[in-house]
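Comments concern the structure below.
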Amino acid sequence: MPVFELLIAGILLGGLYALMACGLNLVFGVMRIINFAHGDLLAVGALTTVSIVTGLHLPFYVAIVVVPLLTAALGLAMQVLVLRRLADGPMIMSLLATFALSTILVNLSILIWGGGYRGLPGVLGGSVHLLGLDVALSRLVSFLVAMAVTLLVWWFLQSTRFGRAIRSVSQAPELAVINGISIDAVRNVTFALGAAMAGLAGVLLAPTFASDPQLGARFGIKAFAVIIVGGMGSYPGAMAAALLLGVLEVFGGYWFGQVIGSAMLFLVMLVVLLVRPRGLLGMGVRA
Amino acid sequence: MHVQRIQPQPTPVPPPDFASATDTAERILVVEGVGKRFGGLVALSDVSLSVGRGSITGVIGPNGSGKSTLFNIIAGTLRPDRGRVFLNGHDTTRASPAQICRNGVGRTFQISRLFGEMTVLENLVAVAHGASDAEAVERALGLLDFLEITGLRDKWGTELSYGQRKLVEIARALMLRPTVMLLDEPFAGINPRLQNRIVDHLEALRQRGLTLFFIDHEMRIVLEICDTIHVLAQGRVIAEGDAAAIRSDPKVQDAYF
Amino acid sequence: MKSLVIIVVSAALAAVIPFVGSEYALSFTVQLFVFVALAYSWNLIGGYAGYTHFGQVAFFGVGAYTGALMMDAGFHWLLAAGAAGLSGALLALPLGGAMLRVKGPFFAIGMFGMARVCESFALGFDGITQGGTGLYLTPVTDLKPLYFVLWAIAFGMVVLTWKLDNSRLGIQLLAIREDETAADALGIRTTRLKIGTFVASAIAPAAVGSLYATYLSFIDPATAFAPMTELTTIAMVLLGGMGTTFGPLVGAVVMSVVNELLWSRFPEIYLALVGAVILAVVLFMPRGIVSFAMRRAWWWVPAARSSLRRLASRPAPSRSPKEAH
């Protein structure tokens, strides 16, 4: 068994999960809702990347800049037009709203891009020699960018004034105004930031995986398992769990086949819920 | 007439270092050496107190004195770091709120926790464990009548005013036919007229043999109705006794007045 | 008894359709019954107990496959449906034990993930399920018995919900929905009730899944675990009114008509439109049609949980105020 190869492949995959999961976790922390449409923003990001590179013949790095801005705008629109109006109501209603938004987003994507798979042949092709292994360039680049951005956002949360405002809102939502930053502004920025991270994850997976409008239900949903395993609201927990689950998925896929490998994330999530419901590093969901 | 719905468990063997636990006939609630810290903050350092059967006992103390922590430990929503709690002769230190409830303890909440999208009658009937529908409705109507809130019967939980909620919560806790009632700040934030009404009801409940234990800041009422008062400050009991003793206690004067 | 009148009249109407209606009417009502059974089941756990989730299609799909494999092995379709219902309950028991430890979005989306797991198993174990190709079954010659079994399940779910709505069990489920912590502290056995309701809510979808496979004489992962099934069911309950006796029925009828009008004409935007319906209900009428009508006390709307009120309004000479404690 090529343990080392599988391990590297798992970690590289885990980097993408980290970027997705941290965005989702960020939004959960501040809004106390899970954005069901998070994965669909990822799909929109991936498909837009395909259009930019193969349709408009622009270089890939343009997508890295433009697409997160686009999904951030989409996310912000969702927040301002829908979710903000439901913020004081029962949480179930916000959840159903994100479910509805997800459906709308998926089906509009099907209208725009069609239902089939689209790839990005030739972008970041080839491989590099690393630690005695041949690693696909696309996977390596997407891992590095994903981890860099995830860590950058973490630094932003820890070290900037606005980042601290975001963290204090997630710890004590009842304190409406923190050093002159309104809770509405915090929510809007957080939602946009989370959406941008989803979009970027979409950009980064486009060269490696085939994208289609259903990508959210297939791939984006894994971010959810990651934050349950890592612990809701815990940023380091999400990063650790993302890498762990990436490795598990790759090994599972090697042993039991691709389909079962993907399902393994959710089985791990079930076990975590049974054994340690607050997750590896989490603050707990039951409260 | 109180009907014991719980399987009567054998009375626990009293710990040798705690002789007073033997007379559970007299002391319905015993808190022994309870301590609790949150991170570095000591909420309760070493609290012992006991509540006589059929008494009205109150705990008062300034904000941050550990009242709420103590209440939550007794009600089972918090676990103490050390010490023990006995209710009705059972060690309930590690019991869940649900188990404590089934031991004959009814409780109200500091912030109203009525079931909002249900009527008052439904709020009451929902917790009438073991009774038939007809009996449950009967008991609920009896309690609404007793608390003089029959008019609220078909109102929704969300429609009620703050004071009405407090009364309905008391009625709902009484639906459990408790032997002890734990009241979390029953007088906070309501007008004096309603406070007096609640006082009258509590007195009437005590007449029927119910034990009442509550925490509150309302010095006036606590001194007026309690047989025994415990004063909490900085996580420990600094004074206990009847109203006269508390009024004249210099330590209480320091902490409070 | 307004409730009884509504139940009996709609059941009688549905029962005569195979004798008087066209092929089209028959297929329309089959779809309607399937969705009524799904919507009422979802309403039990999502509407009454407040554990909304996006994974009911897991039970529908697992039931469809269990039934299809049984029929493939030569069993009668009715027996297969019974076994499918059982498989739903057996799946729901451990799943509920784990998943019901979390609530809100975690339960909802976790269940969505579980449905995807079941789907990938159906795809992945292609030695048994034929993977994406799907299983072809021998068509049933006479659809009428199938129709009546579906009718009985749908009718049974309505009656069951009506009974629940008028019982203390139903009120205790609502108490869990409203404030689970308080319900627990007041001695309501929340864990047991939640898991029980969850298991009960899995049986009919699984049985109906099997019957639907019989009806189509075919099943594949895309049909068994279709997001459209999930979405339409939730839209129905939400539109009609979550946690009400007649909400899912009203919602199912309205959405089925919408479905007929739009699905054939605009299949490409149908799902987006259902999403828009959910969004509109959430934003503008979160309690649904029936709750809205109940609050307005429209004459044709039966009051919710009326049996308690009748008990309370009954003159009771024996009642004494001294009974309180």
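Labels for the chains are A, B and C, by order of writing; each one numbers its residues from 1.
Please note the rule applied: a contact is a pair of C-beta atoms (placed from the backbone, for glycine too) under 8 Å apart; a residue touches a chain by one contact, two chains touch by 3 or more.
Chain labels with UniProt names: A, C = Branched-chain amino acid transport system permease protein; B = Branched-chain amino acid transport system ATP-binding protein.
Bear in mind that the values here come from a model prediction, so they are computed numbers and not experimental data.
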**Complete:** Common contacts of chain A and chain C, by label, are none
**Request:** By CA centroids, point me to the most central chain in this structure.
**Result:** C
**Request:** Find the geometric centre of each of chain A and chain C from their Cα atoms only, then give the gap between the two centres in Å, rounded to an integer.
**Result:** 32
**Message:** What's the distance between the Cα centroids of chain B and chain C, rounded to whole Å?
**Reply:** 42
**Complete:** CA centroids of chain A and chain B: separation to the nearest Å works out as 47
**Item:** chain A residues touching chain C - in the complex, by the definition given at the top
**Value:** 28, 33-34, 36, 82, 85-86, 89-93, 95-97, 99-104, 106-108, 110-111, 217-218, 221, 224-225, 228, 232, 256-257, 259-260, 262-263, 265-267, 269-270, 273-274, 277, 285-286
**Message:** Give the list of chain C residues in touch with chain B in this complex.
**Reply:** 167-168, 171-172, 174-175, 177-179, 181-190, 243, 305, 307-309, 311-312, 316, 319-321, 323-325
**Interface residues, chain C side, partner chain A - complex** = 50, 52, 54, 95, 97-99, 101-106, 108-110, 112-114, 116-117, 120-121, 123-124, 227, 231, 234, 238, 268-272, 274-276, 278-279, 282-283, 286
**Message:** Could you list, by residue number, the parts of chain B that touch chain C in their complex?
**Reply:** 2, 75-77, 96-98, 101-102, 106-107, 109, 113-119, 121-123, 125-129, 133-134, 136-143, 145-146, 153-154, 157, 172-174, 176-177, 205, 208-210
